[in-house]
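Several structures are given next for inspection.
First chain A sits with chain B, and in the next complex the same chain sits with chain C.
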Partner chain A sequence: MNKKKNRLLRAVLVLTAVIILVPALVIVLWSFTGKWPWPHIFPATWSLRTYEELIFGTSPLPGLLGSSILLASIVALLSTVIATMTARATEIYRVPGRQLIRYAEFLPMVVPGTVFAMGFQVTLIRAGLNDTMTGVVLVHLVCGLPYAYAIMTDMTAAVGDALEEQAQVLGASGTKAFLDVTLPQLVPGLLSSFSMSFIISYSQYFTTLLAGGGQVKTIALVLVPYIQSGDRALSSVYSVVFVGSALIVFAVFEKAVKRANRGMQQ
Partner chain B sequence: MKNRRVIPFLLLIPFMLVTAAVIAAVINVIVQGLGYIKAFGLTTFTLDYYKEVLKRPDLVQSLLVSLKIAVFSAVFASVLGTLVCAALIRCRRASGGMLTIVQMPILVPHAVVAVFTVALLTQNGIIPRILYAAGLLHNYSNFPDFLYGTSYTGAILAYIWKEAPFVAYFTLALMKSVGETLGEAAENLGASPLRSFFDITLPMSMPAISQAFLIIFIFAFGGYEVPLLLGATLPKAFPVATYIEFQAPDLRDRPYAMAMNGITLILSALMALAYALLMHRMMKKRGVRA
Partner chain C sequence: MIKLSIEDLQVKLGKNVILPDISLQVEEGAFISLLGPSGCGKSTLLKAIAGIYPASKGTVQLNGREITDLPPHKRNVVIVFQDMRLFPNMSVAENVAYPLKIRKVGAEQRRSEAEKLLSDVQLEGFGDRRIHQLSGGQQQRVALARALAARPDVLLLDEPFSALDENLREGMRALVKELHQKFRMTTILVTHDRQEAMSMADKAAVMMDGKILQYDEPTEIYHHPADEHVAEFFRDCVYLSGSVEGGVFRTDGRIELPLGIDDGTYDVMLKAGAVPEKKEAE
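Right, the complex of A and B next:
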């Protein structure tokens, strides 16, 4: 009975993997497709048209990738720093009203991104930040922060401040004790908070459209019109680049987290 | 030691600035939705915009469609995600390659999920082609119209594809620790694996599962690009309709869009409140029992 059930659960996993991976493979095929008429299972003719458009077209890839990655990195860096500071205030300094702060941290999750972006536009215009990179960073930051808070709050509470206090007793200044003792222990949390915020910023469409007014170009902003125009080959090639670059960034970070964890054990 | 009192408040400054941005946006939505925009010469507070939005049949349809997308996406993603999570733990695949695959949809942006859905599920997508090759489908027009139809099945399937793995990933740590301690204890005392899962592991994992449910519900309810790219021309999903109103050429029509945003906000807040009450009751019940 037990074995039979495990076989069933294993089948669930295999099916899950197939459902997750097949669409990605189909999209890779589509990106090289010239013609793919019904009812062929594989494309009838192959073409590199989409890759030519990608590299030499209206929004050349290097600039587009560069600006998307730069934007997401700035958001991720700020979000990780802010989350670390906030977690330190609530978990180590135990400021009064910290329960209220913890609720407020999740406020952006309760306000849908579309509502926030439309409501915030007036404020951005008043501040002269509409259609600017700064405005987009600010709006993306709001979307990514709850996840960064959750990661850094757990991490900070787990690390605690016992070792840091000991360093201070032994004569280290507060700053030095934090930088030399606590910060290295927080590295795994910092990295996962960074990669989570990166992915959230990288994936944004509506908030970028509203705060950036088309002036701030990201891969998502270029991709959506291609999907709307029904050009499957072109929307596939941008999807491949979009997911591919996200996977590479994520893999790099995963590796860094592993190295950091190993470093801590030594 | 004086520093110890000042530092925590300095640390909180950026958090407060970001929170102020969210609160400013919410206040804008509420005030403008009530018809007050001084710059456009609108200076009286009124509930008329809310009333008029709720009187328009197309907008009510939109609201219902968005609620449907949110409910179906959240329910199916939570159930399937929990199943995948349990399977990962039972089959000892909670780390390594299989987990990496399950994490993948979390990295895939919603716009790309829409591309996936189109490639697979349109009437000349890969799935109807495979069915045709297998002799199960005579003509592509016999394949159900999942996309661009009023049922929004394509949008719901897209959300499930992306969010079920999120539920599995989000629940994994808690379910694993519960399963390894209390779940195994129950099995050692003679409970069947199925019974120990449904009586112990699942209820104890509910805090994570229900939080994931809430996140997906609010996300799918307020989501823009998935229903825009996969949905019907009429009725449009509520956020899509809201953005159209938002772009109205006469700026004095802005309160309509903001009243619509207000409705989205109220329903999301109610959902969050229901979740908070449920959690509170669950914790209390458990506290009494223990």
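Right, the complex of A and C next:
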């Protein structure tokens, strides 16, 4: 019975992996393609044209990767901190008007980014923040915060403040009680919130274009026009970089967290 | 020599007045119990003493020092909660040593004190376990050891035994009494169990609807309840309504009772006579 279940589980796993990986492999194949006319199963000619463009072209890869990862990391960090504090205000301190805050935090999930980005753009221009990194960070925050906040409210409500109360009567100040007792329990939520906001920022196209005015370059910003213009080989190479770099960032992130965890337990 | 002194304390949660006006004096080293039905405000009183709930009126004094406006961590008043509230991210020994760590006691001394306290609560050698590896009774004992590690001026126990099995409860009561004899810290036990309140404490305060109805020695409360609410809370009793005329009490039925008291309407209370003996296992 158990063995059967295991086999079934493995079959499902393999199937999902195949469904996701095979199309991804086709993209990798496309990125090396010179010509691939119908009805060939494999490309007729191979080429490294796309990789030349990627590395030495109009927007060289290292700078592009650097600014994308930096931007997404800043957004992820800020939105996690803001979400944690907001969740604490609405769930633990039960501030007046918390219903309104919850509603407002939820709005950007409902209203499409293309809609509010217009209004946001006007505000940025008035504030003199258009075409700047700060402006892009702000608009990405609006996109990422609802998810970070949703994760952190559930987490904060589940953790509660009972243990913090206990730590305080044992002699810990409010801040110390939070750091010693509550924060370690929030870690899973903080990690999901960070990852979620990172990937949301990483994959923004329209909001980046509008707020950054092309001055702030990200991989998504370069990738999307190639998809629209129909250069399959070039859009494939950027897709490979997009997915690959996100995966690498998450792998590094996970490893760092594991190391930090081990350090904390010693 | 009064250790803990609460005067005219009022506690509000939001707009609700939970405790309208409480006064209570607890002598140094005494073991008292707060007894009352659930929702009577006894846990609120504990949290107000510990500083978790702010007082809207009145004062709390400890050894003559006013602590009414001090935050919880500066009062040295520790609560052991019913749900234990052990820290899941720390081992058993780290939990017990937590108050010492806050007080910046060195690692060596922390470890040896935690070990000593763990043996006081009969958990020798459990220091390296994780919290989830312990049974409910063991967790409660860890919570107790951790509270003792803080060397509190006042130890507050909020229904600490109600989450335990009956047979574990008896052992825990004995342990708490034993630890009180040993450390002699002022202790307030909140409970809704009458037997527990009466058998463990030097003095008991009976609470109802946010008020202390009677604060006295257990036998005194038992034999001379201050009013019928206290009497009713302690046992099943029967009231006979009637009136006294010419020194004789009469009910509507056929009961006649010669009583040398003034004429008027009275309630006569009947209750079982003796304090029930604690049953020993045979």
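Everything that follows uses one rule, which is that the second predicted complex is superposed on the first by the 228 of 266 C-alpha atoms of A that agree within 3 Å, B and C clash if a C-alpha of one lies under 4 Å from a C-alpha of the other, contacts with A are read in each partner's own complex, and residues count from 1 in each chain.
Criterion: a residue touches a chain if its C-beta (ideal position, glycine included) is under 8 Å from a C-beta of that chain, and two chains touch if they have at least 3 such contacts.
Because the structure is predicted, anything quoted here is derived from the model rather than measured.
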{"item": "Superposed partners chain B and chain C on chain A - clash or fit", "value": "fit"}
{"item": "First (chain B), second (chain C), both or neither touched by A:82", "value": "first"}
{"item": "Chain A: partner with more touched residues, chain B or chain C", "value": "B"}
{"item": "Partner chain(s) touched by A:101 [first = chain B, second = chain C, both, neither]", "value": "first"}
{"item": "First, second, both or neither for A:189, with chain B first and chain C second", "value": "neither"}
{"item": "Touching partner for A:144 - first (chain B), second (chain C), both, neither", "value": "neither"}
{"item": "Touched partner set for A:212, first chain B, second chain C, both or neither", "value": "neither"}
{"item": "Chain B versus chain C as contact partner of A:165, first or second or both or neither", "value": "second"}
{"item": "Which of chain B and chain C A:176 touches, first, second, both or neither", "value": "second"}
{"item": "First (chain B), second (chain C), both or neither touched by A:243", "value": "first"}
{"item": "Nearest Cα pair across chain B and chain C, whole Å", "value": "6"}
{"item": "On chain A, positions contacted by chain B and by chain C", "value": "174"}
{"item": "Contact set on chain A toward chain B in their complex", "value": "2, 5-6, 9-10, 12-13, 16-17, 19-24, 26-27, 30, 38-41, 81-82, 85-86, 88-89, 93, 95, 101, 104-105, 107-120, 122-123, 138, 141-142, 145, 174, 199, 202-203, 205-206, 220, 223-224, 227-228, 232, 235-236, 239, 242-243, 246-247, 250"}
{"item": "Complex contact set, residues of chain A against chain C", "value": "162-163, 165-174, 176-177, 180-181, 184-185"}
{"item": "Contacting residues of chain B [partner chain A, same complex]", "value": "3-4, 7-9, 11-12, 14-15, 18-19, 21-29, 32, 83-84, 86-88, 90-91, 93, 98, 101-102, 104-112, 114-120, 124, 126, 129-130, 132-133, 140, 161, 165, 193-194, 215, 218-219, 221-225, 229, 239, 242-243, 246, 257-258, 261, 264-265, 268-269, 272"}
{"item": "Parts of chain C lying in touch with chain A, wherever the complex brings them together", "value": "50-52, 71-73, 75-79, 81, 83, 85, 87-89, 98-99, 102-103, 146-147, 150"}
